Structures are given as structure tokens and as C-alpha cells.
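These are the structures in question, set out in turn.
What follows is chain A paired twice: with chain B in the first complex and chain C in the second.
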Partner chain A sequence: MSRAARLIAIGWRHHVRNLTASRFFVVTSVFLPILLSTVAFFMFRAGAREGTLLYASLGAGVMGIWSSTLFGSGGAISWARREGTLEVLVVSPAGYFWVLLPQTIATASIGLYSLVATLVWGRLLFGVPFAIAHPLAFVVSIPVTVLGLGMLGLLMASTFVLYRHANALSNMLEFPVLFVSGLLVPLSALPVWVRPVGWLLAPTWGMRAVRAAALGGNPWPPMGVTVGLAGAYLTLGALFLRLFLRLARERATLALT
Partner chain B sequence: MTAPVIEVEGLRRTYRVSTGAVRRRTLEVEAVRGISFSVGEGELFGLLGPNGAGKTTTIKMLITLLVPTSGTARVLGFDVVRQSREVRKRIGYVFGGDRGLYDRLSGLDNLRYFAELYGVPPREQKRRIFELLDLVGLNGREGERVEGYSRGMRQRLHVARGLLHDPPVVFLDEPTIGVDPVGARELRATMAALVSAGKTVLLTTHYMFEADALCNRIAVIAKGQIVAEGSPSALKAMVTDGVVVELEAYDPPPGGADALRRVPGVARVTVEERDQAQLFVVQAAAGFEGTPELIAALGDARLTRVATREPTLEDAYVALVEGASG
Partner chain C sequence: MTSAPAMTGARATLRVCLVGGLISYRALFNWISPALYIPTMLLGPVFQILFFVYLGRFVQLRDDSFFVVGNAVQISGMSGVYAGVMAIANERQFQTLSALLASPANRPALFIGRALPVIANGLIVSAWGFGVSALLLHFRPAASSLAPLALVVLVSVVSCTAWGLTLGSLGMRFRDVFMIANLAYYLMWVFCGVNLPESALPTAMVWIGRALPMTHGIQAAREIAAGGSLGGAAGLIGVELGIAAAYLVAALLLFRLFELEGKRRATLEQA
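This part shows the complex of A and B:
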């Protein structure tokens, strides 16, 4: 295995173990999908169109992935600052990019559980139907969406390194992105000026791909856009991280004191 | 001195601090004010100073965590600003306190992850980790979560982490702070073993006896400036080659210290509060025989102890730091 692949694989395992060892994270992970599936059910029950409940349930599931990703980018950096691990990681010879990349993938992939749990709770509590139009495309669209969200998390995290209050910033970003990406309500229902913002966000395209695969439609073009955006986020994230780490070293913001 | 491994030239670091919620004011605090020193291969060099003297800021610049405001620093010939990647590959960093570890994971999990980040070859990782667990005395406890470790155990885990990639240069920032005496003694033995193994060590501490026992050379730092540099014995001699008289007194007269300073042969007087008593530490010239005059200078004070001894590094340190305070 190459050095980069090892750093990603071992980093991913390390961050998954560290996060799942947190009682707070585990309790949140158990209750959030129930909350999300309930919100989705009550919001869309009134619509009463065929396929609407699954449409909403999938949106709620991807919301769970997004919440988890934000926790990984903003929350985990704040946590590392508090624990004092941020400085140790920054001066490690591998470089902080190789810490952050598996960390954001780990939190996004933990969010996968949220998607599955939301669908299961939706089915058990509210009888949300689970009929998938293109099973193969659906299976592919999920990791693609996780990748897209994870890379958006990486892009955001690269800027959070500079700020001591990254946690507050990540909390602020949670709901605007949910709305602008059309996870909760269709993009067409939002003001026209908001839509271009949504087009720049991978969750928008990942969501489209997942819904097209589940409900019918062509999921491959939105999947392609998601992968393209993930690549762009990765490149920008690496550049920003370099810049902001330099600024953090100049401004002494890597430690709390 | 052997070839310099760490070279510091006119290093300065200023912090900007903002105060006030409505009317924001930005203040500039000079933490390190143009210090210069060098450390040779295989040396254990101590940076000794009180809290807030600039020790940690200096070490953070050398390990590439902070960019200096001005001046230069090189480690093994690599510039800490422009060649930070090269520096990071070759240094180990251990800091004091119980932070900097993944508390929810085991000691072994911590070391495995850092071994990967530090580029320890996969085949060597297991052997290296258990070698270090042996060195720091954590063998058998590696499977427990770090949150259950004592402070001393955490500190030893820090040491093991800092040595995973067998770096030739090790920075130790107050590694024994808060550790119980037995644990601290074991850590000092580990530090001495590092130097025996040929590593170059830069140690910051505010424990004089620690610097005295371990360091080949010491730089005393106060208010961001180096006020003295040399071997422990040279530093002692720099302040006084005479004697120290200690007088423990209850109810000394006001201005007792000034009265002691006026006694012929007295070079310096410091006062330490001891519950209800005061301890006057008088540094005097060699051959000083004015102890009766010292007792007389304290008037009606009730003296519980009068002792004469050789000067220690602590006396030198207190004198240097107080001298820097002006």
C-alpha cells in the first residue's frame, strides 16, 4: 500500500474509533435520525404525492451525513484545540492535510449510518415506502455523495484551522447549506438568486443523484458533477490549508493559550 | 562545543492581543526579544526561566509551530520557517501537562497513529512502539484508555510519542511539570539516557535542580531575553563565588532587607515568605565573616535559624531573574 493510501486508511480507522468512543457523539447519532425522520414525515405528509415520503426521507438522511461532516470539520478541530492535539498533529512530518483528509472522510462515512437509520426509522415509525428504482446506481450514489460532502467539509475545515471559534462557525453553516442544497425543500421552491449558490455545493448534486437513483431519473450526470466538485474542493482545500496553516503559525491561533 | 545542531540568531516574537468588547484595542506583547544561542551535537541545553519568560514561545518557534517576528533559527541546518517540513522530520517534541493525547483511546492506539504520521516504516512500528513502552515504563498498561492514566503516565506516553521516529533532536518543554517526585526522577533518567544515546536535547524548565543535574549548558531567560548563559558551575560563579547566609526570622523590623544590604561584604539579599516567618537569603563575598552584623541588623526579630552554605544554582537563578526585573 502506498504511503498516502496508508495514511488515509489508518487515519480513517483512527478517527472513526475516536469519534465512536465519545458517548456524546454516539447518543447524538442514535437520536438525530429519529428526529430527522420525524421532521421529514410531518413536513411532507401534507404533500401526499406518490414518492414524496421517500423523497423527504432521503433528504433527511443526507442531512444526517451533512451534520456529521460539519462536526468532523469544525467541531473536531475545536476539540483537537481543546485536547492540545492540534499542535502535535500540525508539526507531524506527514503534514496536517493527511490528518484532515481521513478525518473528514471518517465523519462523513459515519454519517452513512445516519442515512440508513433515518430510512429505517421512517419505515418503522411512519411506514415510509422503500422501493428503489435503480438499485445499482443507488448503491454507487451513496459513497459518491459521502465523498462530495466530505470534501466540502475538508474545504471548510481548512479555514477553521485559523480560527479558535471554528465550532461556532460550523454550527452557523449547518442550516443554510441544508436549505440551499435542496435537502429539505426542493431547490425550485427557493428564490431564484439562491439557486446558483446551491449549484456550487456538492450536497445539491449528491442529493439529486440519490433521489434520481431511488425515485427514477438519470442519476449519473449529477453523480459526475458531485465527483467533479469533490475534486475541486480537495484542490482548493489543500491550497487553503497551506495558506491558513501559515497564517495560524503567524497569528499563534493553533493553541488556545 | 561540537558542530551546532540548533542555531538561533536574534529571534523575536511579538503577539497581538485584543482587549475590550466594544472599543477594541490591540496591544503588542513582546514574548521573545531578540535571543541568540546555539546547541551542539549531543548536548543537553537548558532554557531556564520563570513562567512567562518566553521559554515555550522560543521552543514553539524552533519546532515550526510559530513563525518568528524577526530573526532566524536553524535546526540541523534547516531554516524553521522556509524548510519546516525538513525540520519536522528530524525533531521530536514533548511538552508538559496532560493535554495533547487522544484521551478516549488507549496508549497503544495513540502510539500507532502517531507512528504512521511520523513515517515509521509499517514493519518496524510494532517493535518500535513496544521498545518505547519499555523505555518509559508503560509496558502492560498500553491497552488502557489514556483518560484513566495518571499525570505521570500521560507524560511518559508523551515522551514515547516524541521518540517514535527516533529523531536526532528532541525538544522537551517542561516535561516534569506536575509529575510526582518519583515519576519526575524517572523522567530525568530517561532524559539523561537520550543524551547518552547521542541525541541533542533542548530542555525548558523552571526547576533549577533539574537544570543543574541534567544540562551541559544553560541559558537563563527572563522577560524574553537571555540574561546569562554557561555551564551550571559557571552560572553559579557568575553570580557569586562567595557564601550564602540564610536567616529565618519572625517579626523582622520594616526595612530589614535594606539593613542587611548595608552590612559590609553583602552582595545581594532576597526575601522569601515562609508562613508567618521571613527567610532572608544573603549572598556575600568569599570569606565573609559578618554573620553577627547580619543578626544585629535584624534588631529584635526572633531568629529561628541561621545557616551558612555554598551558593546553589537557584541562588544564581534568582539573582539573574531579579536583576532582569530591574
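This part shows the complex of A and C:
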């Protein structure tokens, strides 16, 4: 196994175990999406629009992955700052990028809990049918979406190095991304100015891929876009991290809380 | 001239309430800065309103006003629940709880004083939500509705703050009070009719919602925003006030209970 792959695998395992030991994190990433999905189920059921509850169920599930990613990525640097480990991690021989990358993938992976929980919740309580149009594509679309969201988390986390109140920013970003990425409301139903913003976000395309795989349609093009965006986020995240870490060290603001 | 030790009775209680409340707010929330406040309390809630208004339009459930009013009132709960919890639970976290409990301060005055800045903050957040909705979503209640609407929001914020103080009292005993606050805040979305009419919810959920803060306040606000009179919504406002009083009493009783238990078991400062 190459050095990078080993760092990612060990870092991912460490962060998954660490985060799932936190009741606060698990409740936030699993229970809250279930509550949101419950609201969505009731709204879809009571509304006049014809349609499948599976549409809402999948949207609410991806919302859970987003919540987990946002919370974990926003917290990654803040927690390290608070625990006094940020400087040690930054000067580690591996480089901080290889510390942060598995952490953001781990937070998005934990969001899978919420996807599964939301689907099970919808099936048990609301009788949401779980009939998948393209099972293979569905199975592929989930990790692709997680990857896309994880890389978006990395990009965000890299910019949080310079921002002391990263948690506040991550609190703020929850609804904007839910809004502009069409997780429950399609982009076509949103204001025109929102759509180009949504196109730049991996959750938009990951959601399209998951829905096309589950409800019918061609899931492969949106999956390709998700992977492409993940690559772009990864590149930008690495560049930003290098730039912002240098600035934070020059200004001696790295450890400031 | 009245000396400080002689300053007793109503004046001392008022001082604990107003001056003590303000000082404790500044001390417990000294970490709040514009860089924290603006994203969390102002920008995030705007997108919450937009999200649910557009979701409501998409599923064709109700008109925009239903979601604007529900969410603009509910976002004040962020202040009520979280700040209400922190107003008590942070004393434990900051290791100042013992000093506070050793003081002879009147406990209801202590509670109400801590609630006042939280209530003021909730009003600001809710007013911001309504203001932005007027700009972005053309939410236009009649001018004559504005004062009654403000009164209903005030009652709802008071009620929610009392609920937050009740949860905060649990922080005297339980470690994970912020997790409880998180759950309580989000449960309000499901049960309090923020985005759902009662007719869309199962009966059991409707009854749970009726025991929670904001449910009646949101209903009253919707009636008034739709052109109803304050008198017409008086029943709902009265129930909301009753719920506020009940939670305030519960908060005081729990606080007293956990104070006595904490002293007896020497666990007050145990994190």
C-alpha cells in the first residue's frame, strides 16, 4: 500500500471511530436528518403535488450526508484548535493535507448512517416504497456522492484555517446548500439566480445521480460531473490549504481561537 | 442614605433581575462577536425561511405567508432554546455555579434577569426574519397587523425562553445538555406546526405540539398576519402565556431540586 493510501485508510478509520464515539455527533448526523425527513414526508404527503415519497426520502438522506460533512468539516480545525493539536498536526511530516483529507471523507461517510436511517424510517413509518430502477448504478452513486460531498468538505475546511469562527460559518451554510442544490426542491423550481450556484456544488449532481438511479433516468452523466467536481475541490482544497496555512503561520494566527 | 446591606426587598430583587441579568449575559456570552452572530443568527435563518417557502411552493401545501410566519417566529427559538440553556448550563462549564448558588440572590429574579437579554435577542432575530421576508418574498401583512404580530412574537419568545431555561436547569444535573437542546430545538420543527398544518399531523403529534412552546404563538401569528384581530387570537395567546408560565415554574423547580441534590452529593461542579 502506498504511503498516501495508508495515511488515508488509517486516518479514515481513526476519525470514523473517534466521531462515532461522540454522542453529540451521532445524534446530530443521524437523528436530526430523520426529524427533517419527517417534516419533508408530512409536507409531501399533505401537499397537492403528485409524486413519490421516495423522492423526498432520498433528498432527506443526502441532506443528512451534507449535515454530517458540514458539521465534521467545520469542526475539524476548530476542534484541533481547541484541543491544542492543530500546530502539531500542521508540522507533521505527512503534511496537514493528508490529515484533513481522511477526516473530511470520514465525516461524509458517517453521513451514510443518516441516508440508511432516513430510508428505513420512511419505509417503516410512512410506507415509502424502496423500488430502485438501476440497482447497480444506485450502489455506485452513493459512494460517488459521499466522495463529492467529502471533497466539498475538504475545500471548506481548507478555507476555515484563516477563520476563527469556522463553526459559525458551518452553522450558516447548512440551509443555503440545502436550498441551492435541489435536494428537496428541484433547481427548476428555484429562482433563476440560484441555478448557476447549484451547478457548482457536488450535492446537486450527486443528488441527481442518486435520484436517476433510484427513480429512473441516466445516472452516469451526473455521476461523472460529481467526480469531476470532487477532483476540482480536491485540487483547490490542496492549493488553499497550502496558501492559508502559510498565511496563518506568517501572521501567527494558527492557534488563535 | 441607604447602605448596600440594607438594600433589600423589591429594590434588591429588581437589581438582581436587571443589572445581574445584564452582567451575567455579558459574562456568559462574552464569546459572541459579529463574526459569530451574523452568520448564525441572521444569515442562516434567512435561508431556512427561503428553503421552506420554496419547498412549500413545490409541494403545493400552503401559501408563502404560512411558511414565512411559521419560520420567522420559530427562528427566534434559536435564541430562546440555546441561550436559555447556556444562561444556566454555562455556569457549570465556566466553574462559576458554586459561587452563584452560594449567593443569597432571589432565584426567580435570577432567572428572569437572565431571560430578558435572551428575549430581546429573540425579538431581533424574528424581526429580521420578517423584514427579510418582506424584501425577498413580498410578505406584506397589513400595517394594522404589525403591532399585534409583534406582541404575539414577544409572547412566543418568552415561552420559548422559559422552555430553554427548563432545559438549562437539566444542565445542573446532566452532562449532555447541549445535545438535549439540539434535539429540543429540532423537535419543535416537527411538532410545533412551523411548516405543517395540524391537519397534516397524527393526533398524538398534535397533542405533543400543544404542550410545547410556540405552537399556539405561531397559530396566532398566522391568524393575525392573515388579517385577523388581536381579540380573535386572544385565546391562543393566552394559552401560549400559560405554557410560558408553566415552563418557567418547571425551570425554577428543577433548578431548586438539582441545586439541593448537587449540594447534597457534591456534584455541582462535576463536568
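Brief remarks follow.
The rule is simple: the second predicted complex is superposed on the first by the 246 of 257 C-alpha atoms of A that agree within 3 Å, B and C clash if a C-alpha of one lies under 4 Å from a C-alpha of the other, contacts with A are read in each partner's own complex, and residues count from 1 in each chain.
Note that in this section contacts are C-beta pairs under 8 Å (C-beta built on N, C-alpha and C of every residue); 3 or more make two chains touch, one makes a residue touch a chain.
Keep in mind the model is a prediction, meaning the values are calculated, not measured.
When both complexes are overlaid on chain A, chain B and chain C end up sitting side by side without clashing. Of the two partner chains placed around the shared chain by superposition, chain B is the only one that A:Gly95 touches, whereas chain C remains out of contact.
In the superposition on chain A, A:Thr28 contacts chain C only, with no contact to chain B.
After overlaying the two complexes on the shared chain, residue contacts for A:Thr85 are found with chain B alone; chain C is out of touch. In the superposition on chain A, A:Val227 makes contact with neither chain B nor chain C.
Applying the stated contact rule after C-alpha superposition, one finds that A:Glu250 touches chain B and leaves chain C untouched.
Of the two partner chains placed around the shared chain by superposition, chain C is the only one that A:His165 touches, whereas chain B remains out of contact. Rounded to the nearest 10, the superposed model shows the Cα centres of chain B and chain C diverging by 80 degrees about the centre of chain A. Once the two complexes are overlaid on the shared chain, A:Val39 sits against chain C while remaining clear of chain B.
Of all Cα pairs spanning chain B and chain C in the superposition, the closest are 8 Å apart. By the touch criterion stated above, chain B contacts chain A in their complex at residues 15-16, 63-67, 85, 88-89, 91, 93, 97, 99-105, 109, 112-114, 116-119, 122, 145, 161, 165.
Per the touch definition, chain C reaches chain A in the complex via residues 33, 35-36, 39-40, 43-44, 47-48, 50-51, 54-61, 176, 178-179, 182-183, 186-187, 189-190, 195-197, 199-201.
By the touch rule above, chain A contacts chain C in their complex via residues 23-24, 27-28, 31-32, 35-36, 38-40, 42-49, 164-165, 168-169, 171-176, 178-179, 184-186, 189-190. Chain A makes touch with chain B in their complex at residues 3, 6-7, 10-11, 14, 17-18, 21-22, 83-85, 87-95, 98-99, 246, 249-252, 254.
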